[in-house]
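The structure appears below as structure tokens.
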Amino acid sequence: MRTTTPRQDLLRGIWRENPVLIHLLGLCPALAVTNTVANSLAMGIATFFVLTGSSLLVSSLRRLIPAEVRISAYILIIATFVTVADMALAAIVPDIHKALGAFIALIVVNCMILGRQEAFASKNTVGRALLDAVGTGTGFLIAMLMMGSVREVLGAGTFLGISLFGAGFEPWVVMVLPPGGFFTLGFLLLGLSWFERRRARRQAVPGGAPALRRAA
Amino acid sequence: MSAPHAPGQGGAGPPGPARVAPGRLLATLGGAGAAAGALIVFVFTVTAPAIEAHRARRLDEAVTEVLKGPARYDTLYVVDGALRAEPPAGAAAAGSERVFRGHTADGTRIGYAIASQAPGFADVIRVIFGYDPASGQVLGMKVLESKETPGLGDKIEKDTAFTGQFDGAASPLIGVKPGAGKGAPGEVDMITGATISARTVIRIINDALDRLGPALAADSGSAP
Amino acid sequence: MKLLGRTFRHGVHPPDLKDLTSGLPVRRMPFPDEVVLPLRQHAGKPARAIVREGDRVERGDTVAEADGHVSAPVHASAAGRVTGIELWPHPDGSHSPAVRIAVERYSPQAVRPRIIPEWEGLDRDGLIAAVKEGGVVGLGGAAFPAHVKLAPPAEFPIDTLVVNGCECEPYLTTDHRTMVEHPGRVQLGIRIMMKCLGARRAVVGIEKNKPDAVAAIRDTLPADLDVSVLDLTVKYPQGAEKMLIKAVLGREVPSGRLPMHVGVVVQNVASLATIAEVFETGLPLIERIVTVTGRGIRRPANLLVPVGTRLRDLLAACGGMTEDAREIVFGGPMMGQAQADLDVPITKGTTGVVVLGAEEVRAERALPCIKCGRCLDACPVFLDPQLLGSLARAGRYQEMETAHLADCMLCGCCSYVCPSAIPLSQMFAASRTQLRRLKAAS
Amino acid sequence: MRDLVWIFLSAAVINNFTLALFLGLCPFMGVSARVGTALRMGGANVFVLVITSLCVWALNTWVLVHAPYLQLIAFIVVIASLVQIVEMAIRKMSPTLFRELGIFLPLITTNCAILGLAIFQTNRGYGFLEGMAFALGAGAGLTLALVLMASLRETVDLADVPAVARGLGLVLIIAGSLSLAFMGFAGLLSG
Amino acid sequence: MTAPAMDRIVTASPHLGSRDSTPRIMWNVVGSLVPIVAASVWFFGPSALLVTGSATAGALLTERLFGPSGALRDGSAMITGLLLGLTLPAGLPIWMAFAGGAFSIGFGKLLFGGLGQNVFNPALLGRAFLQAAFPVAMTTWPVAQASWWALRGDNFALPLMSASAPDVVTGATPLGLMKFEQAGTEAVALMMGTTAGSLGETAGLLIMLCGLYLAVRNYLNWRIPASIFLSVAVLAGVLHLLLPGRYPDPVFMLFSGGLMLGAWYMATDMVTSPVTNAGCWIFGAGIGALVVVIRLWGGLAEGVMYAILLMNALVPFINRMTRPRVFGTRLREAA
């Protein structure tokens, strides 16, 4: 088994191995429902709930589930939690439930969730699975919020419905339309890759870069 | 499709965890299924009333809005081109179209609320509108669902100047460019920059009235 | 098709620039002080030297003999003393073994008395042996040993000899002068070659910009043989053998095959004249007509040059270079090799020396490909040079192979038309080398 | 008829399943590097979508009216098993077809395009014919998006893409551009 | 012997090259656009210059900052900026035009690796982005005003702020009139440019002349405009003959909207059109067909931009399908 500390289990998924931004899992919801911050938040929380619930159950049942049917069993477990989340959202925040539409049900096939079950929860103790799920779920939530904030702020000039720039602001409608989803995620990835490369360059010449530049 | 076997394994069964008896497979899956089913049914029973209440409230609000505050309303079912008080029997029940007949407190009929839909600019637009067969007037209109462009097409639901025009407009409605109207009773100013969406709303109403007009007239002619 | 003149599809129209020399009769160049005879002057295996340092040779003596079937002997082009067999700059850019001969100052440069073969009396094998003895190679560019072409395998019967008098490269007038001045020799060459091949007919293809050559060949057509002359549209690379066969016979040589697979042998007019000379004078291929021309040369000329003459001496014979000479090219400006060293010798395959002026050469930096498609419209073998170029840049040689890199004849039409000045044909030549290296490695 | 045509066109181009509804993004990102693979992935998708539409119609008509809360689980279980059965049948009947499409089937049995179709079809109350038009349109839309993306990626592979944009960053920008271009179909047949 | 001045070079063959170079082609296109820009100023006043100028500035600045050094010299960014500018309404806030130019070059070109490597027409991608971002501003077409000098619309809206001049007199474009009000426009007006519309979509005849100049000099592939016009004329003609009341006549279809500018200048961008001639015919026919479909049955009044972008996406596919048969290959297969 991998030797990671509980701290790593928890923190890993939040940024270094962010499921959306680094592993590009769960892209559909990240693009489809992030046109407002509220939707992103609801989707993030629902996914968080399903992920944690499934991971808990899968890791506690991991000795009982035969390998041959494990995928079916995971999907059954996930589908159960999704159904529960779906009904809960419908009962508690009907408007958001309506806005998210089919995408709550689609959490079932979110590759990120199934991936965590297969790769982690089914092989680890309940405690570690829980930490991992919380980390990954938070990472997902953060990515959703990043997407949602960019798109709502630019696309509507509001944040969580609160106007930011006053009445004269011209919203960039494209950001809340489908192309805006692709562009936002694309741009986030470009930015990340730029940071990543810059850091790699810095590390390649430890402390030497400024000196070199001066010399040149 | 043979997976590469380790020589010592005797070639029996795929490598990996030990084989499990099919009985246990079934038992586990069945058990899990039963547990899942139980959980779902439990949550369903807990949340169902709230969900149902939301649904009813939404419908209630819509009908109330387009019929301008009826005291109560009846649900009627369209069966073979006529309005019935009872849903048709059997499988067709779920799919049958409904209209809502509003009454004032003293029982006079105000008119009917009808929901209908058609493709707009971005996707299907669903609207509900009130209609009084006696006067031939549209009483009000509300968009139930649309994905029209924010800032343009979504004016059909957000722009009260547009939605307000439907109150009391004579049917059939006629869409005109803003300012180009000649003052005819059925004229509705469309929205500059969102002609398609506005025209779709008007067309939905006209088409629905074409389709249901006779049934509504027959029903409103019958005794209260 | 007929209306527009006979030709192939695609190709380019560079300015022909032949006026500089097309009217100048061939004159003999004075013998230089030294000749350098590379052992590799032909396609195939290099010749094997049979002289040693210090040996005295007469003009026309064999200094190196053919090494195998696809090879050709090399003969001394002037009388003198062998001063060494050493690595010497070669026109292809390498250094390769060559026999150096210090030419005797006051020698009459007479030839040893020799038996001139009577061609009518010889059978096919005898003719072929004589041609091989004469060291004759193709003078059209590739310098393929002529005797090999004279003896195609029996399973590919040859019905037509196509005589290549196109000379489609700008500037060059070697073949033009040969046809105008020695039509009889060309006709004799055709006769001998047809006899060897057993070909029923011969077709001479000449571009329309050489009406005097067309007339000269037409006037000397034999009565007893089926030889005809076709004037062809002026277009580069009309003289490439696959294009020429397409233009005159309408036959398409299959990809990866040779003309003999469609019953054709192509031979250049100057090669045929040389074959005839072997039987007229008994002399082997020791001198050839070279067009020395270009805006960078003071006195352009058509010269009869001893093989092995150094570039330096040849230029001097033409008054030297002008101030704005920028690039010296062996061969035509479209396919020729630029030379860095003034010591390189003229070889049997050197059709011309073109000294380009500053305003002619293309020295722009390559820009990115703008997908204009002009290269596709230019490529005579219908490749997609734009795609090949991108693949070459990405180092995806295997994919280039499936995109028919092997069919590219490096004619340079694509590079010529490319507005972004991308050296496409150069990249393709390099990619072929890479591909060969990859294959050898695996 | 016009409705059926609209349903087809809507899923195929107006609200393209992938480029506007964001369904099936995994294959779109993952299997769109080569045109040949993309075509076959698209074919397999059409196939599964049609089966799904059939299943969903049957389930909705006869089963789920009685137990709506089991919708999701029922969809997943039934679709997955049916595709499994069909896969086995194809393997028996036409090994060539299986080689062409078969390897993709297990991958897509439960991807979001399939489940998305099921849920949209249910929510919109489509009947049998409408469901078929919807499934075919969705399949056409997925295939179109996949093949376009694949051929564009093959081209971009040969470009000097700046280091930061290599990989999925550029793919997403291309997807956004395609999505912009597909907005040209907005409102088709609505007038 | 006289030693020559020794700045000789040794390069690979061919040692001659055709006279055309990429910068030469590009600057010729820029030159041919000058009369069109001038005409737009004639029709729309200084606003036209402001809008075109800021779109061009956005394009050039982005190319300068993020592009390879010296890239401005090839002139392609200039074309992108000018063409983008010509597709915009005269009253657009100039900050939007600037942003559009920057998007065109940044996302439409540089991200793909710069000149020649992009797959979508950068100018049109920029316009599509603007249209989706600011649909209202992008469909507000000012009409001729009392004074030629008056600025139209809201050119000077603050960056990120909306154009909200309430007094602007807007008009419908001929296509808008056709589509949403079933009203025709006279062919002469269309050809001479006295209608509402984007800067460069008026004055069809002038655009045609400038385009012809480029075609004659072989700076654009004439097959593309030819096939576009053919397919639009044939499709629109057949529909008009079948239902003259419902569908407009082909002359109207050819001279209205952005078809002229699109067909001569944008579909012909060699970078984003097929490399084969057969492919160009298919490409043009596809654009023509999509234009007719979008104009007559779509939700938008004008479809040239979307038609070209959609066909751009098909270009790699078209190239692959129309790659010519290599010399001598069929015979080999037969053998």
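For the reader, a short list of remarks on this structure follows.
Letters A, B, C, D and E mark the chains in the order given here, with residues in each chain numbered from 1 onward.
Note that in this section contacts are C-beta pairs under 8 Å (C-beta built on N, C-alpha and C of every residue); 3 or more make two chains touch, one makes a residue touch a chain.
For clarity, every value in this text was computed on a predicted model and none was experimentally measured.
Note on connectivity: the fewest chain-to-chain touch steps from subunit B to subunit E number 1.
Chains that touch both subunit C and subunit D are the following: E. Closest chain to the protein centre (all Cα atoms averaged), using per-chain Cα means: E. Note on interfaces A-D and C-E: more C-beta pairs are in contact across C-E. Relative to subunit A, the most remote chain by averaged C-alpha coordinates is C. Of all chains, the one whose CA centroid is most distant from that of subunit D is C.
One inter-chain figure worth recording: subunit B and subunit C are separated by 83 Å, centre to centre, where each centre is the mean of the chain's CA atoms.
We define each chain's centre as the mean of its Cα atoms; on that basis subunit B and subunit D are separated by 25 Å. Taking each chain's centre as the average of its CA atoms, subunit A and subunit B sit 32 Å apart. Between the Cα centres of subunit A and subunit E there is a gap of 40 Å. Counting only residues that touch two or more partner chains, subunit B has 36, 40, 44, 121, 149, 151-152, 196. Shown for subunit A are the residues in touch with two or more other chains, namely 72, 76, 79-80, 83, 87, 173-174, 177, 179-180, 183, 190. Shared interface positions of subunit E, defined as residues touching 2 or more other chains, are 107, 111, 113-114, 117, 129, 132, 135, 299.
Interfaces, counted as pairs of touching chains, are A-B, A-D, A-E, B-D, B-E, C-D, C-E, D-E. On the subunit C side of its complex with subunit D, the touching residues are 368, 390-391, 393-394. By the touch criterion given at the top, residues 12, 14-15, 170, 242, 246, 252-257, 296, 312, 315-316, 320-329, 333-340, 354, 356, 360-364, 367-373, 376-377, 380-384, 386-387, 404, 407, 410, 412, 415-421, 423, 425-426, 429 of subunit C touch subunit E in their complex.
Per the touch definition, subunit B reaches subunit D in the complex via residues 36-37, 40-41, 44, 91, 94-95, 118-124, 196, 199-200.
Every residue of subunit D that touches subunit A in the complex is listed here, in rising order: 19-26, 29, 69, 71-73, 76-77, 80, 110-112, 114-116, 119-120, 123, 163-173, 175-177, 179-180, 183. Looking at the complex, you find that subunit E touches subunit B at residues 135-136, 139-140, 170, 180-181, 299.
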